[in-house]
Each structure stands twice: as structure tokens, then as C-alpha cells.
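Each of the next two complexes has subunit A plus one more chain, namely subunit B in the first and subunit C in the second.
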Partner chain A sequence: MAKVAPLTKIVFTVIVSLWAMLLESPQALAALVAGEALLFAAARVPAASYKAFGSLGFFAALLVGMQYALGASLEFSIAIGLRMVAMTGSFILLFAATRIQDLTAALVRQLKVPQEYAFMFTATLRFIPDFFAEIKAVQEAQACRGYCFGGSLIKRLKNYLTIVQPLVLRAITRSETMAMSLELRGFGRGVTGGYGTSIGLAGADYLALAGMAIGTVAIGLVRFSF
Partner chain B sequence: MDDKGQKMTQVEKTGGQTRWLAITALFLTIGVILRLVSPSIAGITPNWLIAMYCLAILIVKPGWKKAAGIGLVAGVVSVATSKAIFPYANLVSEPVGAVVCALIVSLPVRLTIIRYVIPAISTVASTLASGLVFITVTKLVMSIPMSVYLFGMLPVVLTVASVNCVVAQVLYYPAARLFTGKDVDPTKEGKQ
Partner chain C sequence: MLEVQNVSFCYKPGEYAVNNVSFTVSGGEFVAIAGRNGSGKTTVTRLIMALLKPAGGRILLDGNDAASLKTAAIARQVGYVFQNPDRQIFRDTVTREIAYGPEQLGFSPAEVERAVDAAMAVTGLTELAGAYPRTLSKGQKQRVAIASALAMEPRMLILDEPTSGQDAKEKLRLLELFTRLNAKGMAIILVTHDMELLGRFTRRVIVMAEGGKVFDGPPARLFAADLDVKEWGLREPAAVRVARKLRELGVPAAALPKQLAGCAAAEGAE
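Moving on, here comes the complex of A and B:
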């Protein structure tokens, strides 16, 4: 996976979702999910990504239970759950196997996404670990002061607000520094190409893209012929 | 030392071409994290991402085109972190929600009492628009039974709208005060 260009990975993510939509039987969808799991192993992604992929199973089970309880057939409910795992799993794989700067470069240079929106997207993902650490720090600070989390529905919502408020206020303060830093680097003034990364397609990418095209045609033929 | 020709340039605290970008990205990050870590309350997970982009729109007051862009980014982020049946529906629903919020924020409201609760009103409208579009697209694309749509999905949209309304109203005034560096007075009409 490391040798494949980010654009190929983006196309793969969309194609897997398309396959998940086209496939109907739970067996075929299970095979798609199994294929994704194999790619996870082959890509040697960080342990957190396996955990995220695994947790999808839990939510899929909830989804299947809800669909079934509300009158859908068991086969349909299982197919819905597997579809969700296949679609979301491909995104987890994309983000686990691609560097953020490569993703930004592919979005701006190859997919012609406006730089500011590509930046917004990748910055959102980039700051997730930082804010996770801040949430933990806020929770620990509140625990030190004897704040107790839990209780009724309203109390829980209130608890969350006590965490969100400092985070939001910190984000506003941080945005000033971030904006200044962006402007000092000439962001948004036509200064492009500063990603310092090669994202061009190579032989392996063309091979993968051809394989995906053949797979899509084959699945489409099977889906609409029978 | 000759000080002639030197002049001090004062930079507004709220100024800058990219502050809206930075603040929106950071708010979306908070939304993603809260969405990931929030436990399901009575089977419903609050969609913090909508509350956060509404808050960003309320603070930076973008035009509808820029708001659609913010919504599209929120949609892509939602697709990537979704636990929904059809994650791609977010690509339609979030831009709709963001544009609704931006349009409400840009309305010339004269009644002071209404201006006080604009954060709540815009967030409720935005969540309802986004949620209804999301569940309708999901229902149509995935052929979800009507019983699931009415009794499984619709109540979630209404609950999330009420939660987001409280979140946006509570967070808006302190956040706007910090952003602008001065008190935000809803009794004064127009941009502050």
C-alpha cells in the first residue's frame, strides 16, 4: 500500500463503496469486508486503525439489530450492516495508509480541490490527536477538582458541555496563531507546490486502477444480468 | 536614531484572510472527536459536527457559497467517521445544513429577543434540514423500510436537533466574545 499513490487510494475508497452498493447478498458483502481486512493486514497500519475497524463490527451489529427489530428481513439487515462496515472501513484504510500531506497534495494538484477546502479537510484530521490529548487534560483537571461524570441524560449532556466549552475557547485562541502562520507562509496567495512530496502515478497504480475497473464492470454485469 | 518614516501598523485581532479557515478546521476537529467519543445516549449519538460547523458559521458569518464549502468539508469528514448505513448521504446533507445556517444568520432580524436565540434557531433549522435530507437520501438509496424511517431515524433527527440547539446557544456568546475580542450584543443589529 505504501507504494501506491494517494490518488489510487482515493479511487479505491470510492470504488469499494460502489461495490458495496452493487453487491446485494450478505455472502458477497462478507467477502468484500474480508478482502478489506486482508488489505489492513497487508498495509501494516497502526494498531489504532485495527481497533477502529473492529469497533465498526459493534456498530454494524447494533444496526442489524435495529433494522431487524423494526421489521426488515434478517438477510437485508445483515447486508446493511456489512455494507456500512465495507464503506466506512475503506475510509479508515485510506487515512491509515496515507500521509496527510500526500492526501492534501493529491486533492489540490490532481483532483483540483480549492486549496483552502483541501487544507480545511486535512487540518481537521491533523488536529484530532492534539484535541484528544486536550480532552483528556480537561477531564483530568475536572476530576482533580472532584467533578463527577455520569448521571441522568441531562446531567450527561451538561458534563459534555463542561468539556466542550474549554475546547472551543482554546480552539479560538489557537486559530489566531494558526491563521497568522498560514498567512506568513503565503497561503491563499497563489503560492502552491510547497508540499514537497511526489504523488505521481506509477506502474503499480495503473495496474491497480485497471483491476478496479475490471472488478467494477464484472460486479455490474453480475448485478444487472441476474 | 531617526524615527522618521516609521509607522506602527495595528492588526485587528479578528483580521486575517485565513482566520475563518483556521477556526472552522479546529471546530470541525472538535466535532469529529466528540462524535467519536460520545457514548450513545438512549441509542442516540449526538452529531456534534453539525453543532460545531453551525457555531463556526455563526462566528465567522460566511456567505452561502463559503458555507456550502464548509458543509462539503464537514460532509467528507462525516463520511470518513460515520457509523451510518449510507455514509455518502452526508455529502448532500451537510452542505444543505450549512447553507440553511448561513442563510438564517444573514437574515436581518429586528426583534431583540429573536436575535438572542439566533444560535439556537439556526442550529435547529440546520440540524433538521441536514438530518431530514440525510435520512431521506439513505431511505431512497438503500431502500430502507418506511417503519425504520419513521420510528428509527426520524426520532433521532429530532433528538439531535434539540441537543444541538442547546449546545450552540450555550457556546455561542463566550466563543463570539473571545473571537471578536469584545462583547457580542444581540440588541445591536448587524455584524459585530
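Moving on, here comes the complex of A and C:
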């Protein structure tokens, strides 16, 4: 995956989501998920990403169970679960196998997304792991002050405010600091270069893009011909 | 009494952040845990608070295994002050912020008020009782965090790098506060790599290096000439370095200025 350009990976994510929507049978969707799992195995991504992909199975089972309980057929319920795994899994793969700065560079330079929006998107992505680390730190700090996550649902929700409030306040402070820091470094002057990273398409990318185009046409033909 | 018995902990399999560490801290002690970043000093204190579970060994608090207790229950006996007070502050006034801990422990309103008043008095926050905690200076916020721990009336206080990022005046103020608390019988465990404060205020130092305990004794012994603290990522206080240089130049210990007398004693400890 490291040999493929970020743009190809972005296109792959969109195409897999498209395929997941076009495909209807559980068998075809299972094949798509299996293909994704193979790509995961081949890509050298952080261990946490494998875990995240694996944990999708739990949510998929939950989704299948809910759909079935609400009266959908078993085949349809399984298809819904597999579709969710395929679509979410492709995003996990994209973020695990692409450096954030490469993603930003591809969005701005190749897809012509305004720099501010692209930056906002990637800054949000960077913020997610920090946010989880911050939740843990705040929980620990409050545990040392007697915070206990137990009791009735209402008590738990009320108690959880002691976690949420410092988190929100810190997030606001951090965003203000980040905004100031960016302005001080000239962000927002309309200059889109300077990412210092090579994101050009190579032979493997053209091959992958061609494969995805053929796949999409084939799935579209099968889907709309029968 | 706190007993850390052969405790080990790994964040990653096979990589010991804490390796077979043992020590005890009795009531009324003032102990510093020192070491370079990543030496395992903070991990040890997190293990004491049951924020982490030991992979080996055990930690006893008055004979009870800390691993079997919840952090909230330990907080009743051991107050913990984090390096960054912003992670815990969430209420609109200093008084209400400090009251959170005792409220969680089930103190009656009268007991909460008494505990909060006492904690604010000892930390010098009484005049800031109605202030919005987020707008306070870093030193004042740290004192709010300390008062929050004290209001739970623990017998031991663990402070993780409480002086980092503070100016010299605030550092001194905090250390004087810890000394006062210690004089009243509270055991203090100070995690720090500030050798100046360590040498001046504490009576016992535990040095951690690469997850293990490499020194446990008085500061004077730590800074004795036969020990190379640089090996553990530490540096002697300036006064000790000056005293050492003067001795090298042939100045007898008895002739050293009064302010360096303690450092000369450290030099002579060997």
C-alpha cells in the first residue's frame, strides 16, 4: 500500500463504498470484505488498525441482530452488516496506510479542495487519537478525586459530565492555541505548496485505477442488467 | 504504610517500564522519586493509585492489596496530584472545584465545607474561593489541584512533577507547602527531576533508571562524590557542583561558605 499514491487510496475508498452500495447479495459483499481483509493483511499498518478492523465484526453482528429483530430478512440483515464493514473498513485502511500530510497534499493539489477545508479535515483526523488519550487522562485524574463510573444510568450520565466538561474546555483552549499558532506561521495566505511530499501517480497507480474502473463497470453492468 | 513489593509492569510485552521495584514509605516521610524521562517513576505512582495493574509483585496500602481496590477508594488514603491540573478542573468556582472530591466520597455538606475551608486555608486559596479556576495562573491552578486532593483528607500525597513550568517563586511556595503538610504528619511522595528542590527539601530520594530502582537514600548520599548521578540522567544541584569544585581547588570543607556547608557534608558523606 505504501507504493500507491494517496490519490489512488482515496479513489479506492470511494470505489469500495460505491461497490458496497451496488452489491446486494451477502456472497458478493462477503467477497468484497474478504478482499479488503487481504489488503489489510498485505499492508503494513499499525497493529491498532487491525484491531479496529476486527472490532468492526462486533458492530456488524450488532447491526445484523438489530435489523433481523426489526423484521428484516436474514439475507438482507447480513448484507447490511457486511456493507457497513466494507465501507468503514476501507476508511480505516485509508487512514492507516496514508500519512496525514500526504492525504492533505492530495486533497489540495490533486483534488483541488480548498486548503482551509482540507486542513480542517486532516486536523480533525489528527485530533481523534489525541482526543481518546485525553479522555483517558481526564478519567484517571477524576478517578483520583473519587470519580466512579457506576450506579444508575442517570447517575452515570451525570457523573460523565465531570469527564466531558474538562475535555470540552481543553479542546476549546487547544483549538484557540492551534489557530493562533497557524496564523503566526502564515496559514490562510492562499499558498497551497510547501507540503514537501511527492504524491504523483506512478505505474502501479494507473494499473490500480484502471482495475477499479473495470470493476465498477462490471459491477454496474451486473447490477443494472439483471 | 505503603509497601511496593517486587513490582513490575510492561506497557508492551517484554519491555519493562518498571522492573522488580521494592520500597516502603511510612507515615510522615518526605520522599522524592527521581530519574530521567521514561525511567518509570510516574509509572510506579500510577501503579500505587491502581490506575495501572502490576504485571508482577504487589502494592500494599496499610496491608491491603492496591490492585484489588478501585482508584476512587485509594484516593481516600492517597491523594494524587497530576502534572497538568487542567485535566481535572471543571467547576465554576475554586470552592466548588475543591468540593468535588469530598462530595464523591460521601462527606456530609458540613464535612465538605469544613474540608474545603481547611484545604483552601493550607494552600493559600481562601481569597480566590469565588474565582473561576480556569482563569487562574498555572501555579494557582496547581494549588487548586493540591487542595482538591487535600480536601479528601488523605494521609499520603503523591505529586507528579508539580513544579514543572512554574516560576521560581511559585516553585518555592509549593515546596514550602509540601514541607508544612509533611510537618503535620502527611507522607509526601514527590516525583521530580528538579535536583535543586530535591536536595533542599526532601529527606529521602529513590532514583529510578530504566525501570529499576538504582538508589534509595538521603540526598546527601546521592550527591556524594563516589556516585555518578549523570549515569542515571541526573545532575547534581549547582551548590553541590560549586562545593565539589572548591574542594578540588583545595579549599577545605570547614572553610566553605555556610550556604555550601550541607553540600560539603554531601561531599564528605563518602
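Everything below uses one rule, namely that the second predicted complex is superposed on the first by the 226 of 226 C-alpha atoms of A that agree within 3 Å, B and C clash if a C-alpha of one lies under 4 Å from a C-alpha of the other, contacts with A are read in each partner's own complex, and residues count from 1 in each chain.
Here, a contact is a pair of C-beta atoms (placed from the backbone, for glycine too) under 8 Å apart; a residue touches a chain by one contact, two chains touch by 3 or more.
Worth saying up front: this structure is predicted, and the values here are computed from it rather than measured.
Once both complexes are superposed on subunit A, the partners subunit B and subunit C fit side by side without clashing. Of the two partner chains, subunit B and subunit C are each touched by A:Gln165. The larger set of touched subunit A residues comes from B, when the choice is between subunit B and subunit C.
Shared-chain residue A:Met66: touches subunit B; no touch with subunit C. In the overlay built on the shared chain, the residue A:Val138 is in contact with subunit C alone; subunit B does not reach it. Of the two partner chains, subunit B is the only one touched by A:Leu56; subunit C is not.
In the superposed model, A:Met87 makes contact with subunit B only, not with subunit C. In the superposition on chain A, A:Thr124 makes contact with subunit B only, while subunit C stays out of contact range. Contact with neither subunit B nor subunit C is seen for A:Gly151 once the two complexes are overlaid on the shared chain. Within the superposed three-chain model, A:Glu116 lies in touch with subunit B and out of touch with subunit C [touch as defined at top]. Contact with subunit B, but none with subunit C, is seen for A:Glu183 once the two complexes are overlaid on the shared chain. Taking every C-alpha atom of subunit B against every C-alpha atom of subunit C, the smallest gap after superposition is 8 Å.
Of the residues of subunit A, those at positions 161, 165, 169, 173 touch subunit B in one of the two structures and subunit C in the other. Within the complex, the subunit A residues that touch subunit B are 17, 21, 56, 59, 63, 66-67, 70-72, 80, 83-84, 87-88, 91-92, 94-95, 114, 116-117, 119-121, 123-125, 127-128, 130-132, 135, 153, 156-157, 160-161, 164-165, 167-169, 171-176, 178-180, 182-183, 187-188.
If you check the complex, the residues on subunit C that touch subunit A are 46, 49, 51, 70-72, 75-76, 79-80, 82, 84, 86-90, 100-105, 134, 148-149, 152.
On the subunit A side of its complex with subunit C, the touching residues are 134, 137-138, 140-148, 161-162, 165-166, 169-170, 173. Those residues of subunit B that touch subunit A in the shared complex are 13, 16-19, 21-30, 32-34, 37-38, 41-43, 46, 48, 55, 59, 69-70, 72-73, 76-77, 79-88, 141-142, 144-145, 147-148, 151-152, 163, 166-167, 170-171, 174-175, 178-179.
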